[in-house]
Structure formats: C-alpha cells, structure tokens
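Look at the two complexes coming up: chain A is in both, with chain B in one and chain C in the other.
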Partner chain A sequence: MARERKISFPMVANYNSVVKYFVEHGLNAAFIMPPKLTRRTVEIGAKNSPDYVCAPFKTLLGNMVDALEAGADTLVMTMGLCRLGYYAELQEQILKDLGYDFEMINLAAYSTGKNRDYFKAVRRLNPRVSLGRLALTFAECLKMVEHIDEIEEEYYRNCGFERHPGQYKKVYDRFLLNMELARNVRDIEAGYLKAKREFQAILLDKPEQPLRVGVIGEYFTVMDEFSNLYLEQKLADMGVEVHRWMNLTHRNIHYQGQKNLGVQISEYCRYEMGPTSTANIWCAKNYAVHGFDGIIHLKSAGCTPEIDIMPVLQNISRDYKIPVLYLTYDSQTSDTGLMTRVEAFYDMISMRKQVVQI
Partner chain B sequence: MKEKGNTAAVTARTPVIGLPRALLYEREAVMWKAFFSSLGMRGIISAPTNREMLRLGAEAAIDEVCLSTKIYLGHVRSLFGKCDLILVPRVSNYGLHRNMCTKFESLYDLVCNVFRNTGQRFLAYNVDVLGGISEEKAFVDLGMALGFGRKDAVRAFRRAGRAAAEDWHKKISREERLYRTDQIKVLVAGHSYLTEDAYIGRPLFQYLEEMGVVPIRADRVDRKEALRQSVRVSPTIKWEMSRELLGSIQMHKSKVDGLILMSAFPCGPDSMVNEMIIRKFPDIPILNIVMDNQDGTAGLETRLESFTDILKLKRGEL
Partner chain C sequence: MKEAYLGIDIGSISTKGVIIDKDNQILASEYIWTEGDPMGAAGKLISALEKQFDKETYQIVATGTTGSARKLVGAMVGATIVKNEITAHAVGTTTLYPEVRTILEIGGQDSKIILVEHGIAVDYAMNTLCAAGTGAFLSSQARRLGVEVEDFGRIALTSKHPTQLAARCTVFAESDLVHKIQMGHTKEDIIAGLCRSVVSNYINNVGKGKKILSPVVFQGGVSKNIGVVEAFRKALGCDIIVDENGHLMGALGIAILAGKANARRTFDFSVEDMAFRTREINCGRCPNNCEIICIYRDDMLIDSWGNRCDKGALKAGIRTGVRTMAKN
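Then we have the complex of A and B:
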C-alpha cells in the first residue's frame, strides 16, 4: 500500500481551513497546516527569491519552507493568471536547489484548457479518490468560503464601533477556529450561525454616517492580512467602516464576468487590463459613486497589472473627487511607516467629511 | 502605395497613423507598415529613443512602471500633433501558454487614461486568441474600423503577413551566419524593444563590438522551434516572448561563449524567467544586466569588460 501523503498548501488569507477540509474529507489524505506567517517566513522567502519578483512569490516560498519543516512531503500549488501561473515551477526549482526532498503538484502543469485535466492532479494525490465524494466536499468547501467571506466582511465593517472593545474579535477568532476544526457540513453551518447570532448581540456605537473606506488592490496582498500588515484592522481601530469586495466569493465563486463589469466602467477602459483590473476599477468607481470617504489601493512592489490601473484610479479620483491612498508593499515595508501614512490619510478624510457636512 | 478599389472607403483626407518606435514596434513594424500602406494610408514613426523622450515618458508615467513603459509613453507623447491617430495595440495572448506580459493587455487603456485630456486620439487592435480573436480578425476589425471593406482589410492583412514572414526569414538567416564566426560570441537575450532601443540596448552592442566580441540576438530565431524547445527546459513557462528567448538559448547554448540577459527594471516575466535560466544553465557564463535608470549605460562598460575577460580566459585568449 502506498504511504499516506502529508499534503500542504501555502497559507493564503483565512482560507487554509477550507483547503484542510478538502484534503482531509475530499481526498482522504493528511493535511499539514502551514505554520502562520511570520517575519521569519518573509525573510527566508525573500532571501531565496529573485530580487524583484512580486512579494507574494517570496511570502509563499517562505511558507513552503515552513510547511516542509513542519513535515509535509507534498506541496500543492495553484495555477493562476499573471505571474502566479509560473510561481510553482520556479519555487519547486528553488526549493530543490536548496536540498529539500518533496513532491510538488503544480496545478499549472495541468492547465490545458480543459477542466477535467485537473482531476488528473487529484488522482496523483490519491489514486483511489471517489469522484462523488470529491464533488460533494467541493460544494461544502465553497459554502465554507462564502461563510468565511461573509463573516469577515461583517467583522471589518463593525468592529471599529463596538461599545465594549474586543467583543467582535473574540467571536471572529472563535469562528475561524470552528472552521478549522469542522469535521462535517453541520459543523460548518453551526459555526457560521453561531457567529452571526453573536455578532448581532454586540452593542454598537456607530454614527449615522461613519467614515467609509473601500480597500482594493492586488489579489493576494489585499486578502492576506499578514501581508498587508493588518491594514483593515488598523483602519477599523481608528473608527472606520472598512469595505473590501475582493475575496474568493466575489472574484471567483460568483464573479459577474469581464463583460458585465466591463460595461459598467466603459468610460474608463475598453479592454480587460489584467487579471483583477476590471474588478478593481469597477470597485473603485462603485465606492466613489456611493459616496465613500476614501479608497485605499494596495499592491506588492512591481505588480505590473496593479501599477497599470493606477492612471485609471487617478482619473476616477479626479472625476468623483474622492481621495485615493496608494500603498506598495515589499518585504521591507515597516509597520510604523505604514501607520504614518494611514493616519495621515485618515486625518485628511475625516477633516474633509467635517467640511463637507458643515 | 494604393490598392485598387479601396479609395472610395477613404474619406476626404486619409488620417495619418502614428507608430511609436517602442515596445511591439520592433517586432511588428514590417507588418504594420505593410498593412497600412496596402490600405493606402500614411504613417509616421517616432524618432529613435533619446534622453529627452525618456524624460517625457517618465514624467507621464507612474513611477513604478518598467523602463520599457516609460520609454513607450515618451514615444507616444513625441507624436502628439504630428498625426491623427496613434496605434496602440492590445495583445493578450496568442493561445494557451502563449501569453503576453499583462502590460500588453493594459497598454491601450493605460495610454488613453494617461493622456486623457490631451485631445489626442488613439487606435487599437485587439488580439486574444483564447478569447476567440485571432491576429487576422484583429487586423481585419482594425481595417474596418478605419472605414475599409472586409475584403480590402483581409487582403491587406495577408499581404502584410507575407511581408513580415519574408523579412523575418532574412533577419534570422543573417543572425544564423553570426554563429559561424571564430570570434568570441555572446548571445544577448532581451526583449527586442530593449535590445534594439537606440538609447538602452544599442550602446551595449556597440561596446561588445568594440571589444571584439560578436553579439548575437537571441530573439532572432525560428520562433516555432524556439517555442517547442522552451517547454523542454521549463514546462509551464507561459509568456510568448520569454519562451522564444528561452528556447533560443537552449538551441544555441553550445554555439556561443557566453550569455547576456538584458532586462528592464522591474520586468515582471524577466524577474522569474531569468532566475530560471540562471538555474537551468549552470555551464554557460551568464551576465545579468538590469537597466533601471535614465542614464542607462553608466557602469555598464566595466561590467562588460570583465565579462569579456572571463570569456577570453575560458578560451585561453588572455
């Protein structure tokens, strides 16, 4: 009998519980939860990566080292648009050159344009996998993603206004833990409903017109709180209602598609400018139209597609007179440096709001 | 040059098309010129890159974009007032695993947004084979958008395609001859808009020649074969132009003394592909040059000299 694989998948935002669930229940294999990202992760990643590759490459590489050291023998890495589609092959090469012994399942190698070829990758992970079970688990995973995204959205919109500090965070953390521990779909649903109920019971002191900021930007950095140095939490703590559209639910599971979003921003662009460009431009315009107080656009250094939409965002900013803060993250970005810029932005938008209201 | 039968489609005055001599120009110039001229249109090409142009481009650009984009914007700006429409293509991909850098997806809208209030008009064609738009369809649509009939546009495209293929054939055979000299040979792998750029890439070629080294352009290669070879080195590499370069290195590695990788800071594809090349070809001496500033060539000479010395030493000529 073949030995059981110990599979890991690098940490992205809060979604690792989903991957864990899929591996354990859909593939019937052991999942090694990659250790939480730390400064060390980033340092190891940066040290072994080419200089000016975009930051997610470095962070994910560091996290793969963490996972291998935690005992994984098989790494799965996603395919993707943009440079992401080439991450896995180069990461595998770098890790093997460093001397690590493991198997990489590179989904990009299975990207042939036909979805059923991804099933071949699954077969490699576990040859005896049952298709029915896989499909069922997959559907349950999508549910979990939707729940995580919904709870997270609610969290960042309100946690800055609670009467008794810390209540939101407690519920939110317990919810994430429940998702990580979920053994079946009942656990998932129960954890979700519990968090919803508990959120509702928390007392809020929220002004009628709170400061509202929309956060947009590069897929990985905008979703992964460690990588963006907890930007949303920082804003919320200042008393801001934080909105972020970009998550798997919106961009992947229920994406409206290039055509439907594209027509809504046709005065700014005629074509799809990059993998998440249409969504981000559409979001920015949407926030502007709905009278948000500011937009924060973030990306990792050297991220070509996000740099390229900046002239469009500048035009939206001019047309709707909405301030936009542009943040670029690399492995050297410091917490204090970021805080200074975010505070200055906060001061500016709150002053503007007072002036506008008078 | 005028084709029979299309004059009726042209209104009072035929618009003049501006072609920025940057990014895809070097790759597509023959195609573009032949296409427009067989439709009876006139074109104007921006001057070779100079310092002032780069300054203008950098001024218009977001500071973080790659050097090639800054150069491009400089060329676009230099054409203002000299033509009616400036051609800015949008190319997403030529098929599966044949993507372009996302820059070429964004370029048209990028340019339109940067120069929104200038009154300048731009002209696009859009290639997206995975999305069902072949190169032929892109050009035919372009021709029709300019007011020509489908038949004329198709004929112009085919004619242009033949001209481009012929020209390419000549260029490759000229390059092929270089591999047969006895002098020290260096394969230069870089995007054609860098290697051919008067301000950025040409000086490097001149230095090398002055030092008695024969520089050979890696991108001038039988493209089909290079694409085939590239996946033998790197199975999931996805960018058309990087694949051509990688394949070319694989095909020619034993025929040259060294390899120079030339890229623009901070180039997306090169940041990864060049790392892969360095790891996959440990036996060839490699010099990795990243052009990142406005005064391009400072310090370059010294690096080229010591690299040449290494190559000479290896050959026993020093």
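Then we have the complex of A and C:
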C-alpha cells in the first residue's frame, strides 16, 4: 500500500478547518495545517515571487513554503476566474526550483465544470476513496462553511458594542477552535449552537442607529484578516457595525448567479467584468440602498477586476451620496497609513451622521 | 486663569504648533522644520511657543497632536487627543471658512482632497503609495535646478510658455525634466511646467472622480507656492482661497478638537527639558516578530505600540534601567 499522503492547502481566512475536515474524513488522508500567516510568510513569498504579481500570490506562496516545511508532501491549489487560474502552475514551478519535493494538485486542470472531472482530482489524492463517504463529508463541509460565515458575520456586527470588552472575541476564538477540532457532524453542530447561545448571552450597548459600514473588495484580501491588516476588527473597535457580504456562503454556496445580480445593477454596468466584480457592484448598491454610512473597497495592488469596478463605485457614491474609501494593499505589514485613512473615514461618517440625526 | 488649548501637527517635513483660546483665536503659533527628528522638533516647537505665550492669564488645559508622528509626540507631550491629519484639517478649515466646499491640501509627503457640505466633511481621498506631485517632489527638483524652493512660485509666474512635463509619476517627470533642460528650455518655463504638472497630477490622482466645487481652499506647505496656486486657478477655472495661516490648519484643527473633547490635562512646558528616547524591539514570541516601538522618558517606559496581540504588550511605567542620553 502506498504511504499515506500528507496534504496541505494554503491558509485562506478561517476556512482551513473545513479543508482539514474534508481531507481527514472524506479523503481519509493526513492534513498538514499550514502555520498561521505571519510577516515571515509574506517575506518568503515576496522574495520568491515576480514583483508585479498580486499580494495574494505572494502570501499563498509563502504559506506553501511554511506548509512544506511543516511536512506536507502534497499541495492542493485552487482554480480561479482571474489570474488566479494560472497561479498553481507558476507556484509549483517556483517551489520546485527552490528544491522542494512534493506533488501539486492543480484544481485548474480539473475545472471543466463537470463534477466527474473534479472527482478525478480526488482520485489522484486517494484512489480508493468511497464516493458515498465523500459526498456525505462534502455536505457536512458546506454546513461548516455556512456556520463559520454566520458566526463571523455576527461577530463583526456586534463585537464593537459589547459592554465588557473581550467577551465576543473569546467566544469567537473558541468557536473557531471547536471547528478545527471537530471530528464529526455532531461536533460541528454542537460548536455552532454553543457559540450562538453564548453570543446571545453577551450584553450589548448598541445605539438604535449604529454606524454601519459595508466592506467589499477582492475575494482573498477582503476575507483574509491578516492580508487586510485586520481592517474589520479595527472598524469594529471604533464602534462600527461591520458588514461583509463576500464569503464562501454568499459568493459560492448560495450565489445568485451573474445573471440575477446583473439585472439588479443594469443601470451601472451591462457586462460581466471579472470574478467578483458583479457581486461587488451589486453589494455596494445594496449597501447604498439600505442607507449604510459608508463603503470600504479593498483590493490588492494590481488587481485588474477590482480596479475596473472603481469608476462604477464612484457613480454609486455620487448617486446615493455614500462615501467610499478605496484601499490598496500590497505586501506591507505596517498599518500606520491604513489607520490614518480608516480613522479619518470613521470621523467623517460619524460627524455626518450626527448632523443628519439633528 | 483663562483656558487655552495647544495643537501640534508633526508632518514629515515641517512641524506646526498653535495655542488658541476659547474663541479659536490664535495666541501663539510656530512653524519649524522636522528634519527627521519629530521628538526634537516638538521640543523646539514647545520652547518657541512658550516664549510667545502669556502664562499669567492663560493655562493650557488640553493638548492635541496630529500629523504622521502624532502618536509618538502625543505620548511625549501627554496629549489628551490624538487624531489623524485629515480630520484635523477638515475641522480647522471649516471653522475658519464655514462656506468652503472643497479643501485641497498638498503637504511634504502626502496630498489630500476633502469635500465639504454644510460645514461637514462628506468625502475625502488621499494619495496612496506614491509621493508624486507633493512638496518633496518640488523641493528635490528645486535642488536639481539650483533654485530655492521658496522662490519657485515667483519664478514660475514670469514664464510665458510653461514646458509640458510628464505628470503621472515622479520618476517619469524627472527624466522628462532632465531631457527638457538639455533641449534648451528656459528655467522659468520648466519651473512653471513643474507647477502645472503638480496640479494635473493632483487632479488626476487624488481628485479623480471627485467633483470640485467652489469655494475652494488650498492649504498645506505647497500652498505657499504662488506658481502652483496660479496653476490651480487656471485648471479649475475658479478662485482659490489661500489663507495666510494655511500651513497651520492641521494644528488649529486639532487644538479646536482638543478644546471640544472632554479630556482635560494641564500641559506642562517642562517636557521640552526632559529626555525622550525610542527603541525598537522585535517581540519574538511568535514568528510574526512584531516590531514594538517603546518610548522612554528618562529611563521610564511611558508607552509602546506595534504589537498585534497581548503577547507583546508591555506595561507602561516600568523602569527599565535603560539609560537615556541626557539632552545635549
């Protein structure tokens, strides 16, 4: 029998517990949890990447190095609708040139749209996988993603208003740990319900009309808190209700589809512009219509689809009189410049709100 | 004793300070170069302000700091409010000019635009990543041309045919400029072209997608350059207000904010004689290696920041035994 594979998948937001669960239970293989993203990760990634590639490439590459050093022998890399689709190929080449010995499963090579082809990739990871078990685990994983997203949403909406600081964070961290340690679907459900109950019990000092900010932007940077320098936490700490539509639940599992969203924003754009462009424009309009106090748009430097939607966002900003803050991230780790802009944005929307309320 | 408020704006190039009374009247003001030493500059600024200030009738009850070194100097002077320069500028200018609709600001390293409606800032933008079209660019080009940057505006106004210069990027603008000099363009034409390129760069980058409505106030260090003011007037087709205290707006704004806020702490002029020192340490408690900045007054740790989690938290007030070099 072939030795057991040690599979790893680069860290994306909080979803690695899901990948872990899938690999361990669905594929019956070992999962190497990549170490948390740190400055060292970014440094290694940036050193070995082409200079003009976007920051997520560098971060993921660094994280792959971390995972390989932690003992992984098989890496899985996702496909994507923008340049991301080519990343696995290039990253494999760079890592092989660096002298790492591993196998890369490039999902882009299997993304024909047919489930049969995805199954081929799974077969490569474990040839003796049981289809029934795989399907069941996959369903459980979707449930876990939904739970993580729901808890995260609730966390960022409320954690800025708790009466005793730190309570929300404690529950949230414990929930994420529970998801990582979950061994069956009962653990997942129990962890989720526990977090929900504990959130309910926390006392809030929330004004009737709190400041509400919608965060939109490029898929990876907007979801990964390390890459966006904990933007949502910073906003929440100032006393803002932070909303972010973009997550796996909304964008992938329950995505309404390009056509359905496109119809709702037909006055702003008529064509699809990129992987998350339609969704982000729709989302920005949605926030504007619902009377949010501001929108923050983030992207990594050089992300073409997100640069393209900025003129549309400017139109939305003018039509609905909603301020939009544009932030560009590269592989920097200092947050002084970010803080200046976010603080000023907060001051502006809060002064505006005071005037409107009088 | 009447109440007074102190505001300090520590920018990358210059450090500004004002003391105002309850009616926002300026009692003392000072403008000096930062010269890469924000703490030293703040010390000098405070001693200069002390000379102008009437200590018998007024007492400073609240202190605010703003600008890129706000946190550092805020810890040093014991500020009651530490705020970003965008808010400070908006507050300062709207207090003096309640009617203003657009505030253009070009400083040493940054440039920003603030849109105002009914005296409240409603939108702003700030340059990202690149210092093209800021004061630093103008002063480096002045050095290349062998002209004092203070004379730039006067020389620019004498030009009849400003040279076209690539405006997008400092690097391109500079190589374009060298080329034009060697081609034989006159100095005043090139200087006027530089002023124009600063303006078009500003309008295309910072002001992109923003509707610039009159009345327009132009401030920041570069507003002292009449060549740039003239170029703005031509490009926007409206009158540009430049206040004689335009360079003090940030400091004024933060002083006003300090006065409005509830926090009160009597300011002690003796900080100028104390020795302050900073030290950078790498936390090392996890692979992230946060760079933690520690500030010491004499050998007492008064503040620290830069840590991302509690592992790197240091308690203020610890005597570290690290000896500080006495001032001078």
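The definition used in the following text is that the second predicted complex is superposed on the first by the 356 of 358 C-alpha atoms of A that agree within 3 Å, B and C clash if a C-alpha of one lies under 4 Å from a C-alpha of the other, contacts with A are read in each partner's own complex, and residues count from 1 in each chain.
What we mean here is this: a contact is a pair of C-beta atoms (placed from the backbone, for glycine too) under 8 Å apart; a residue touches a chain by one contact, two chains touch by 3 or more.
What you are looking at is a predicted structure, and each value in this text was computed from that prediction instead of being measured.
Once the two complexes are overlaid through chain A, chain B and chain C fit side by side, free of any clash as defined at the top of the document.
By the document's definition of touching, both partners, chain B and chain C, reach A:328. Touch criterion met: A:269 reaches chain B, while chain C stays clear of it. With chain A as the corner point and C-alpha centres for all three chains, the angle toward chain B and chain C works out to 80 degrees, nearest 10.
When both complexes are overlaid on chain A, the residue A:301 reaches chain B and chain C alike. In the superposition on chain A, contact is made by A:311 with both chain B and chain C. Once chain A of one complex is fitted onto chain A of the other, the partner contacts of A:201 are absent, as it touches neither chain B nor chain C.
Once the two structures are superposed, chain B and chain C can be ranked by residues of chain A touched, with B on top. The overlay of the two complexes leaves chain B and chain C separated by a minimum Cα distance of 5 Å.
Shared interface residues of chain A, touching chain B in one complex and chain C in the other, are 301, 310-311, 314, 328. Contact residues of chain A toward chain C in the complex are 35, 38-41, 230, 301, 310-311, 314, 317-318, 321, 323-324, 326, 328, 330, 336, 339-341, 343-345, 347-348, 351-352, 355. Listing the residues of chain C that touch chain A in their complex gives 68, 83-87, 90, 118, 120-126, 128-129, 209, 211, 286-290, 308. Within the complex formed with chain A, the residues of chain B that make contact are 62, 64-66, 90, 92, 96-97, 101-103, 105-106, 108-110, 112-114, 116, 124, 126, 130, 234-238, 265-266, 268-269, 271-276, 279-280, 290.
Of all residues in chain A, only 50-54, 57, 82-83, 85-90, 93-94, 97, 106, 108-109, 111-113, 268-275, 277, 301-302, 304-305, 307-312, 314-315, 328 touch chain B in the complex they form.
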